[in-house]
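Both complexes below contain chain A, partnered by chain B and then by chain C.
Right after this comes the complex of A and B.
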């Protein structure tokens, strides 16, 4: 019975805090995505040949986001029934967007207006070990193009 | 080069569906699955467990309830209980290898008697103190002996073990100790004691034994009246004998119906409780 009470409490805490963190994070993501919209992201490896010569530099951004107790439990149940693990989808979506935003903020600091050759890498921190902290890292990197000032 | 960053609409990678809805659906599904597994495996285990030889059950039971009474009074009580049990067994067509051993526990707070593995029947002091007549005590004893005869303890154990294993396996595949705790307690709740069908069968057989032993079934219903009264006095702590048992009122009624169907007299002279068992 004690086990059950502890479990339900953890579940409620996980849900409450997880929900709070997620809502807040999405609000911040939406705000910053708007602010960084003028930095173009391009998946192509090379800039088109007609682009005026620019200075290029590697930019990267990484985000690590932990899963909460509630999400992990729901995902555990998904192990039985299969289907979309929605609780992890939002987690990865946040990590991905946060990583891109951090990369973009680095690009902005360099004065870049576009980033080429965007790559995303995802890593699980816990590597499926039991009792380990379930967290995911997403790394975004690319080649920032900084326009050269034309000397008049 | 023409290129623009379009605003990507929300809800492609992440569905706006509420997490609690998904949670409710999954937990509901999991519980339904567990229930189905418990019912199916429980049923299978029950059908198999009844075929386990009684000698093997005795081995499992080992020294269960075998602690010897400390003083002469307790020896006398246990002997008197054993005599009554032997008298009842003579009318019950038990297989020859099925021996009933009655044990007495000097605990006045527990108004209970129960049957367990290996033909051991345990009677508590609290029960003896409440017995109005030997007939009533015989009703309880015959009821418990029937559990042994019907192999209910081993069936119950088999069900518990199999269901417990199944639940442990489910908790294992879902990959978390989180699930262990929920599934674990759901398992223990379902695997407790005997079910209603077993209790009703034990009642029916006990009444038949009473009719054969005394020639009438007077006193049988008194047991249920007693337990109903105790239950009313302590609604929060019903006597253990009542747990999972059919409603006391229904049991009295079914005794009357059964007696009528077989032509057993409902009235008759009550035998007083034997001297050794008269505890106040």
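Right after this comes the complex of A and C.
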């Protein structure tokens, strides 16, 4: 009986706080994505030959986002029936966009306007009894190009 | 030292290839951070401790790679890649590698 109460409480806490964290995070992601829109991300390996930047430098950003109790439970259910695991999709989406935003903020600090050869790498972090800690890490990196200064 | 994950540097020629340079580090998280992470696993959200830890380790492996590049007399490392693998429970290896080259110019 006590087990059940603990379980339901954790589920409710996970749902409440997890939802809060997610909506808050998405709000900040949307806001910053708008702010960083002028930095172009290009997944090409070679910049166009006529582009001669003043400086190029590696930039990177990463984020580790944790699952919550509710999501893990829902995903567990999904494992029985199969199909899309929506609760984890949003998790990965958040981690990826956050990593890209952090990379962009590094690029902006350098004064770059383009980032070439974007690579995204995802790693899952889990440890402890029955994978007591579950989280994903996304790393985004690329080469920032700082344009030649236009003499005004 | 110029570090880039492109295969060329726009506007500058590669004079000499010096081969692969690499750097790696294996890190484990400490108990305090794990405790926090355990809590966060109920509520969800970002694990800042882990983000920091992984960033620090990645910097470390990058700087080891650059050391190696300096030792062979390169002035740039191109086509840099990162890779992460978990070695044992709670420990992760962060690996950085790239091609050391000598570029023309300063």
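As a working rule, the second predicted complex is superposed on the first by the 143 of 152 C-alpha atoms of A that agree within 3 Å, B and C clash if a C-alpha of one lies under 4 Å from a C-alpha of the other, contacts with A are read in each partner's own complex, and residues count from 1 in each chain.
One rule holds for everything that comes next: a contact is a pair of C-beta atoms (placed from the backbone, for glycine too) under 8 Å apart; a residue touches a chain by one contact, two chains touch by 3 or more.
Here the structure is a predicted model, which is why all the values come from computation and not from measurement.
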item	value
Touching partner for A:77 - first (chain B), second (chain C), both, neither	first
First (chain B), second (chain C), both or neither touched by A:21	second
Touching partner for A:32 - first (chain B), second (chain C), both, neither	neither
Partner chain in contact with A:69 - chain B first, chain C second, else both or neither	both
Partner chain(s) touched by A:108 [first = chain B, second = chain C, both, neither]	neither
Touched partner set for A:1, first chain B, second chain C, both or neither	first
Comparison of chain B and chain C by chain A residues contacted	C
Which superposed partner A:13 touches (first chain B, second chain C, both, neither)	second
A:145 touches, of chain B and chain C: first, second, both or neither?	second
Touching partner for A:93 - first (chain B), second (chain C), both, neither	first
Chain B and chain C footprints on chain A, overlapping residues	10, 51, 69-72
Contacting residues of chain A [partner chain C, same complex]	10, 13-14, 17-18, 21-22, 25, 45-47, 49, 51-53, 56-58, 60, 62-72, 98, 116-117, 119, 121, 123, 125, 127-128, 132-135, 137, 139, 141-143, 145
For the chain C and chain A complex, residues of the former touching the latter	2-11, 34, 37-38, 40-48, 50-51, 54-55, 58, 80-86, 89-90, 92
Residue ranges of chain B in contact with chain A within the complex	1, 3-5, 7, 13-15, 17, 19-20, 22-23, 26-27, 29-30, 33, 170, 173-179, 181-182, 184-185
Chain A residues within the chain B interface of the complex	1, 3-4, 6-7, 10, 15, 19, 37-42, 48, 50-51, 69-74, 76-81, 84, 86-87, 89-90, 92-93, 130-131
